[in-house]
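Presented below are the structures under discussion, each in the form of structure tokens.
There are two complexes below, and they share chain A, which is joined by chain B in the first and by chain C in the second.
And then the complex of A and B:
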């Protein structure tokens, strides 16, 4: 359900905005997400999150409420149901409520934003999704991140280090990927400021403005990094590190931005990649074809990874999976699968 | 809809219709809507489904041609095509019947907002409009739905017991060929009465030992030449085995205090088994479908907020339900009986119906309740 694959027409196959929005709002632990639509639509996403979170052994479910629109509301409008549901959500004492519109409310034309502007006493943030009518998973994801930026406010003097922005909360390796980034930051003695948004309470998002650099998990269109750069005047780096080239590039850029000498960190990083190459020395000399192929943005880093273990990428090689592995840990997990394929 | 519904745990009418229709392997099922709802439904029913994968521009400029093209493409691969319009095409009011009149398509207008899974399932059955062939030998098996993880096991168990009684299996609702629904036998047994098709005269349910006795007793009068003696023998042997194991358990342990969360028919069966053979106290019964379908006191358990409240109020030491209940109270001994059962591998075709179903349920409960045993289904 994420946008790892590069399908020719993702707007048809990438799911709906609602899933993308919930992949952000559901990871604000002191928030409640309201799906303004039929209860079945909410169930569908509850089911997805339940399944995903169980893979991480995270048992408590995020709080997702629904306005439960039925035939009556489809005919007469669902605004009354939304008012009641927001009130019911606030009774549960969240720090923020996120109202996500569905294709049903997009079609019947409820004024979701107008209702959210009422005086509720806590932030009630509309995420204008309109289900699949509003675009794809990625659109919903971006809109939710931008919507939640209202919780950052004008900024706090507190906070320092790197804001991690737009982690893919539904991907299985999300924590492993974060650990790779964290490892690199630690090597440079740079702290993580705020994970925006993964398990960061609404009340803690204000620290974001105190960050020195935003590191984006990805931002193919540049809209997210552009928005946060303009609004908070915080420089951004787009993309988690892939392959030895990507890791060393990130170290150099962070070193430059924070005024740290990256030489030792790069030497240490290169040594770790050499250890990885030694562990997979049996793959040396292999000719491989990446499936799906690396995107244009990933290509150089994919080549650096293949070269590191002594493989050559060619169209006629043994097909091996490519998933844009993050850091050494991601590469190691992927190379185990390559080994199985190459020896099959 | 419960006020302040938090984390609803049951699928919508569209998914129910898809579960019904996709059970027929000669029926091509098209979900007319967006990919997001399609992916979910596909994962739910685990059977081939097709989708028009609508985008915004299709809704603005019309999706009729896209649907027509997909129907034309699939028409050669299936005996018949069914189309389920999802929420938006249904709201904008596309008139699909004239558009698809060349293809003899079943149009099942059950968008998600029209209700819960069972309503969609029932509506799809109405559109299929099965009929009885009075001359058809055998007995139908009813209540086999792809959303039920025990459906395949229930079907096999129903077939086995009927064969044991010398009764051929006629039509299976909903599994098999669509054309068989138009020549159903006059008599039906129910593997899951919550998903009753209403086709033929019901001889009764296959859930629980008492129901099994009654059902096979009824079948003797409906089906000339049948002989249920071997089935009655097996029911007696099953009961002896259950009694022996439960007595052994009770010699060392107190009866469980159970909270049961399931659809009404399954919940009723489990409650009956636990009360009869383990002297269990039924602390609460929560049903996904209307609790009025239960003949024992039950509450609606449609969303995780309510489920959490019911568990806290009833203080059970045994929890029977889905992985939603399990994550809500992970320290309570758990038996998985209800969709979904995330986090567990389930490869075997286990039954809830029939004698094997009774053995399976009692075995799971005893293993879960026995001190020191690892939690398992």
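And then the complex of A and C:
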């Protein structure tokens, strides 16, 4: 019996496991995702994805299919429908197919993994997303990334630099956040190897194994970094940089890992943070309360950011939003909101 | 309309008992319907003289549940008994319990559930909610446990008691235990053991069916004992069972035994 539970018995801590998986697989442009479950499950998540991507002017829509299980399939098993849907997906010439199982198929015991192991001619990757077992959005997200590692295979001799792992494809600032990381890497003359996965074709994921360092967007449970460190023997850094302290720390770590002297890059980074502080000098001396509060892991970086612009964090301060802003760009966007709140 | 369900461990003789019970009841001039609720779909075979009738779920699988008529799922067997087999998915796939629910919904939609007695012959353990369907409101109001004196058979019977007790807590549930039928496995002290078990759970032994070779002979001749050997002592046993069940109006909510208690009880009759 799966003993994992949600944090509350009245509402879920996070969204559906399925959404988490789709937030990964839908961003492999030459792949097709199959939701193995009722069409309602597919509709709900595709609608969510559609509205989110439309908001960001991202077209075309990812290729998503469903086995559309009904009562007939629940009674007699959904394996036949899955076989037919995989075959129909392969007719559309993808480089990989991702089969995302649902609560229904978990309950009736469809052998999704067994069917995916058939000789299909291309990788057909199962991702178990039976949410009733206690999984959340993050679990689906992690399982999809781990499932997609099948596409890395033994890897290629090519590739060097940093693998960017687990970008939040559904967040508004996903590209801005990537640019912040990219800017820091460029300052150290380190290339991005693979974005795993953000609009990276399945056929290009083999380069992953040639990377020197994995940089994870986040990994609160440690499952992702642990998996990739063990499987590919690539050292990892968890967390995109927050605040001047976070940015400089990342530069130092990367410099050390790649054997590059980080002194100039740190000096340049600190100068850019000082420019930011100058742009928001009107906030100097302000007393602020972060809403929601920074997590324990973010706290020191939050303090460094507040200090940089001359603000003090205190419970009795003016409530300002905290969203764990990535790099200087993220901080600039957040500080504009702080300014509006502090002048309101 | 009297609606009864026979539950018990697989292979204990539920279908044989059900078919002979239906046959005996029909000989009393009653309008009888028997519904096999087991993917093995062999409940009504003796009533149908060995014919395997198409199951409801076979038809649903082939063409969905919209275009199915009563004539395609209800078949007339011995003495006008209307026979239905729910059927189920292939072994190892899908959900047979959901299949039972779908079958009942279809039979209701077709207005097929009528007669003086509707008898549900249900697969061994109540393994999920679907197999408890016959016990739910508007279906069987009387459950009879079929068991031998073998411990595994009593375990299964005791599990079914748990299901009845659980369902009885629901406000509109009308299902209760009508009694225990001992289908003998020729074990010493068997009748006494099953009788004691029935009392311990707050019920009674309604019939003891001795083991008799005539049952096997009738089966290989694809008939019930009632039809094949109506003058045999075994046929009399089934007729008495039919009379007792038809007249029975004593229903109880069983109090299932703890496993240790059940094992200790069995030890007393070794």
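Keep this in mind: the second predicted complex is superposed on the first by the 328 of 344 C-alpha atoms of A that agree within 3 Å, B and C clash if a C-alpha of one lies under 4 Å from a C-alpha of the other, contacts with A are read in each partner's own complex, and residues count from 1 in each chain.
We take it that contacts are C-beta pairs under 8 Å (C-beta built on N, C-alpha and C of every residue); 3 or more make two chains touch, one makes a residue touch a chain.
Values in this document were obtained by computation on a predicted structure and should not be read as measured data.
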| item | value |
| --- | --- |
| Which of chain B and chain C A:281 touches, first, second, both or neither | neither |
| Which of chain B and chain C A:74 touches, first, second, both or neither | both |
| Which superposed partner A:39 touches (first chain B, second chain C, both, neither) | first |
| Partner chain(s) touched by A:108 [first = chain B, second = chain C, both, neither] | both |
| Partner chain(s) touched by A:18 [first = chain B, second = chain C, both, neither] | first |
| Of chain C and chain B, partner touching more chain A residues | B |
| Set intersection of chain A contacts, chain C complex versus chain B complex | 71, 73-74, 107-108 |
| Residues of chain C that touch chain A when the two form their complex | 57, 60-61, 64, 88-90, 93-96, 98-99, 102 |
| Touch list for chain A against partner chain C, complex | 71-79, 107-110 |
| Residue ranges of chain B touching chain A (in the complex, touch as defined) | 1, 3-15, 33-37, 39-40, 53-56, 59, 87-88, 91-92, 112-116, 304, 323-324, 327-328, 330, 340, 342-343 |
| Chain A residues touching chain B - in the complex, by the definition given at the top | 1, 11-16, 18-19, 37-44, 46-48, 50-51, 54-55, 59-61, 63-66, 68-71, 73-74, 84-85, 88-89, 91-92, 102-104, 107-108, 131-135, 137 |
